[in-house]
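Sharing a structure below in structure tokens format, with a few things to ask.
Lettered A, B, C and D in written order, each chain numbered from 1.
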Amino acid sequence: MFKPLNKTLNFSILMLFTLLPLLAGLGYAIAYSFGLVGVLNKGFTLENWKILFSTSEVYISVLYTSWLAFASLSICIFISLAVVLAFPKKFKSGIFSYLVYMPLAFPSIVAAFFFFQFLSNAGILARLCHQLGIINQISDFPNLVNDSYHIGIISTQTFLSLPFFILLYASLYQAEKLEDYQKLAYALGASKKQTIFKISIPILLKRSLPSIIIYFIFKLGSYEVPLLLGKSSPETISVLAVRKLQKFNLLDIPQGYAIAVIYAFLVLLLLFIAFKKSKHQYEV
Amino acid sequence: MINRKKNIILLTFLFIGSIINACKQNQSNTQQDSLMTQSWEEIEQKAKGTTVVFMKYLGDKKANKHIDEYVVPTVLKRYGITLKIIPGQGNEIVNSIMTEQEAGLAEGQTDMVWINGETFYQLQQIKGLYGPFTDKLPNSKYINYEDPIIKYDFQQAINGYEAPWGKASFIGITDAARVKNIPQSMQDFEAYWKAHPGKFTIPLDFSGYTLLKSWLVEIAGGIKELDGDFSQEKYDKYAPQLWDFINKNKKYFWKNGTTFPASNVTVSQMFGSGELNFAFSFGITAIDKGIKEGLFPATSKAFVFKAGSIHNTSYLGIPYNAPNKEGALVVINFLLSPEAQIKKSDINNSGGMPVFDYQKLEKQWQDQYQALPKIKYGMSEEAIQEKAIKETHSQYMINVAADFRTQVIEKP
Amino acid sequence: MKYSIKYFILLMLALVFTLPIAILFLLSFSQKWVFPKLLPEKLTLENWTVILGDGHVISNSFVISLSIALFVAGSATILGFVLSRYIAYHPKRRLLTFLTYFPFALSPVIFAICLKYYFIKLGLIGNLYGIVLAQLIIALPYSIIFFLSFWNQKVLDYQNLVYTLGGKQKQAFLYITLPLAKSFLVICFFQCFLISWFEYGLTSIIGYGKISTLTIHVFQFINEANIFYAALSCCLLILPPVILLWFNKRFIIQQKG
Amino acid sequence: MFLEVKNISKKFKSQQVLKEICFDVDAHQTLSVLGKSGCGKSTLLKIIAGIETADGGMVNLQGQNVLALPAQERKIVYLFQEALLFPNMNVFENIAFGLKIRNTEKHIIKTKVKDMLSQLELDGFDKKMPHELSGGQKQRVAFGRALILNPPLILLDEPFSSLDVETRSNMQQLYKKIAKEYQITALFVTHDLKEALLMGDKICYMENGVLEVYKDKQSFIRSEKTGVQNEINFWNNL
């Protein structure tokens, strides 16, 4: 402990927890999807991949998952930027510096459960509308969960990632000396609007880009929220993969693994981009 | 350094390769072993002090409570067996056993499972069950294994590989106060949906798929047409009509048919809250249970779809690699006993129909069974029995489940 | 006028952050709550007394979850601290960091599905060892990545300074590195605790339902539509992080001062 | 000779940072090393201090080759560009650190540190935390932390470069005074021409990993590459 561990030992432990599970897991998924392992598989075949690509299910799922991640992140970034630029000091001390952490105490499953109770047709918001005389019966209330516009999922995801981005921008605001830049911009004759849109936002966005990509990857993999609040179709990648692996048809299992492989490569690609974008920055 | 890295990567691949090879080895087919030659007393003796892991569906609050408060403590007190309940149903069970098989594990994680239909069929396909074992159970004497509803699980002979636990019949639930003329045929339903949009949906679980099968039977003109082995030809003939029927009408469903709830539990809740006018159940006692719980309105009524009430039995099985087969046998035997069966049938507990043959019971059990609180709101056992129809082959269930997704859910 | 809008926004923000907790607690004390009643008909302590009563599954799960989370957080923090140092000063730092990011970024459920087979093979399914190992696979990379920003040139300079002043490695570690890393260690421990404490998909697959952590119970209660118990177990899940956050927050502020 | 450095070379990847460096320093003398940033000065100091390895060569301190010794045993103190006061310790504890890890008795530490504090004109600062000090004060504490060990050799890596002009000249004066008093032998690295001339008894110039030693200040001033001539011309032409 006091001495830096032996290099080989260090390397081995690191590989044990990073490369090994990765290669082993991915190797298994690939082997399964090509029919090389599995009780019901009968040797090498391309059939599973062919079936997978012959239906639109998987394309739609990838697009849908990306869209959900994109939408919730955009809203979240928009709110965080607005809030931080409006109240740059609120989150450094005082009650808000504590409150802002609250959503961090929510596992996704709890957040999903709460938003279901809050937004569903017989939920708290609907009851409130009923009491206020806005709606007369359950069916008058708009669909906010399991809905076609994915409002339930997007609100939950936004709620879950809000503290991260608020705190990120609040600290970047200070670290990047944004106040000085703003003053400089004013001194050079920029209007308030110009300063916000030409100086503050571009600086914050640029600095946070790697974090945004990493967060995007996390959102791609989210499982509990779309499981509880999503529609039966389309499904996010994780939900689709798990369904293929655990639901009725045993012959779907290899396809489930194929989806896992596709997802893993997608993550790899995005990570690669995130790394390219951050030459000297490793923090999330 | 680089060399070492290469070595490790190489080792990893070797590791994966060896495991893949291990999978290809023959799975053990030695089902019969010394276990069955033991006397029942020896089995009970061996089971004492052990733990039995029981994987079952945990979607029914009351049934869970019954297991927790009656079955688990009784088994512990009487046989010294610790019964551990873990959640899992249908394909999750198949999947778990299958992965264990792939890993070549002699001892699995579960000792007994609650299964039927396609799960049994799939487990048999992968030789995932231990058996035959029902002959060994002393309490088998109360059960008529020749009764077709017990002998065949979704048209598949059980051959002693699973022991019956409960009988079920598929019924619809509605609220007489809200629905004056209860629809029964598909035509009735179509008319009803158009008149009252948004009040109906199909859960994506075995309840929903059984409803779909009921309609498939109705389209086929009766269960006779779909009796026996799975017929792709017949399926291809009738299923498209079913999908047409639903696609034509789904805009009148809950949330315009753009989504379907994951389980009947949700549907029952929405029925209770008035969001939906129909729910489904496999137990004739479900309505009494629901009213008692305060979930359903007192005006709730049971009804049978035009095709009839699909009857099936659910069973208890033992995975081929169960580490504690003796314990599982003892627990299963207990669950088959008249005492446990009567307790289970009580509407205050799980409800549903017992699997014993009433005629084979001793007098005291007959009396006890008669003394159970009678159903007040649902349909009587006799009334449903009249309309009972057989289950179709499991492959219909598998196909209906898969095609409902591709033909209905994923079609805009 | 301008100020009132600002305060309104702040008020909304405060509501967004607090309302969920308030509602979950309200639900956990409720029993009958039929539409369209805004408030439950019955507020009672019964749910809590039943669940926190002797030997109830939930109180057991609480202890199990807590032990797993503490253990995972502890080992991930220590191991991550050591391993991140190795990576930070490694000539192939970028490559190693990239490798570490991968298990961290991958969806735990999908990861679990792909690894389940090996866990079964190694007898690590359905027991605590398996869960701890599986969660470590997720938490350790986080910890490593977290500490990478700690091991900068300055820390190295501090250590070298101690050496040139005649300090041994042990002394440099105890007197300098550890105090410097204190706030990092605390925050990392907290985050790893949360990773384990919140984990559902991976734990349910590797734990096989045999190890019933709190999140698994939440899911089960949701599945059987038992919303009051679900809310209660949600509250149990939220409470420790909220408390820890409070201390953590104070700790961070103290460090800055 | 007190310190003899012979043929020290260092390569980072493909870049030759130090090329066959040779020089020596007499006891109680300060050698200034002038060079632009990135010329290899810091690397040279780090090799002598033992926190960087050399590819080849020899460093003799009081007749002993120290290259094989770990940093802890060389008794050479390296002063970084930044003061690097331990943020978790107050001024007293910072200065006492080297003594404490040598398990020196408490009362001895106390007197020694007190003396050092007054030498450094820091009386009454003992309870202050590093973040409460100014840049010059921090640098003085860092000095004290090194001097209290009575090291045979001190390596100073641009210690005053981050200070403002006034503090800087104060510190230079203070250093001269203390160097004399404690009979310090030191290597003083700087990129500032004036400072190099001021601080060093002897001066050398480093460029692209090559070190040139001038036998006296006059030859240093006359040399073309050191930039002294430019400077003189500039002032003359004003």
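The working rule: contacts are C-beta pairs under 8 Å (C-beta built on N, C-alpha and C of every residue); 3 or more make two chains touch, one makes a residue touch a chain.
Remember, predicted model here, so these are calculated numbers, not experimental data.
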{"item": "Shortest contact path, chain A to chain D, counted in steps", "value": "2"}
{"item": "Fewest hops from chain C to chain D - one hop per pair of touching chains", "value": "1"}
{"item": "Most centrally placed chain, judged by C-alpha centres", "value": "C"}
{"item": "Centroid-based (C-alpha) most distant chain relative to chain B", "value": "D"}
{"item": "Dominant chain pairing [most C-beta pairs in contact]", "value": "A-C"}
{"item": "Whole-Å gap between the CA centroids of chain B and chain C", "value": "37"}
{"item": "Distance from chain C to chain A - Cα centre to Cα centre, in angstrom", "value": "17"}
{"item": "Distance from the mean Cα position of chain D to that of chain B, given in whole angstrom", "value": "81"}
{"item": "Touching two or more other chains - residues of chain A", "value": "11, 19, 24, 28, 122, 138, 245"}
{"item": "Junction residues of chain D - those touching two or more other chains", "value": "none"}
{"item": "Residue list for chain C, restricted to those that touch at least two other chains", "value": "35, 117-118"}
{"item": "Pairs of chains satisfying the touch condition", "value": "A-B, A-C, B-C, C-D"}
{"item": "Residues of chain C touching chain A in the complex", "value": "6, 9-10, 13-14, 16-18, 20-21, 23-24, 27, 35-38, 79, 82-83, 85-87, 94, 96-103, 105-111, 113-115, 117-118, 136-137, 140-141, 144-145, 148-149, 169-170, 173-174, 194, 197-198, 200-201, 215, 218-219, 222, 227, 230-231, 234, 237-238, 241-242, 245-246, 249, 253"}
{"item": "Residue numbers on chain B that touch chain A, as the complex places them", "value": "4-5, 8-9, 12-13, 15-16, 19-20, 23, 27, 90-92, 94-95, 98, 101-102, 118, 122, 125-126, 198, 204, 255, 258-262, 270, 273-275, 397-398, 401-402, 405-406, 409-410"}
{"item": "Touch list for chain A against partner chain B, complex", "value": "8, 11-12, 15, 19-20, 23-24, 27-28, 31, 36-40, 55, 57, 121-122, 137-139, 143, 146-148, 231-234, 245-250, 252-253"}
{"item": "Chain B to chain C touching residues, read off their complex", "value": "19, 53, 55, 58-61, 64, 84, 86-88, 96, 99-100, 102-105, 109, 263, 265-266, 268-269, 273-274, 294"}
{"item": "Interface residues, chain C side, partner chain D - complex", "value": "154, 157-158, 160-168, 171, 175-176, 179-180"}
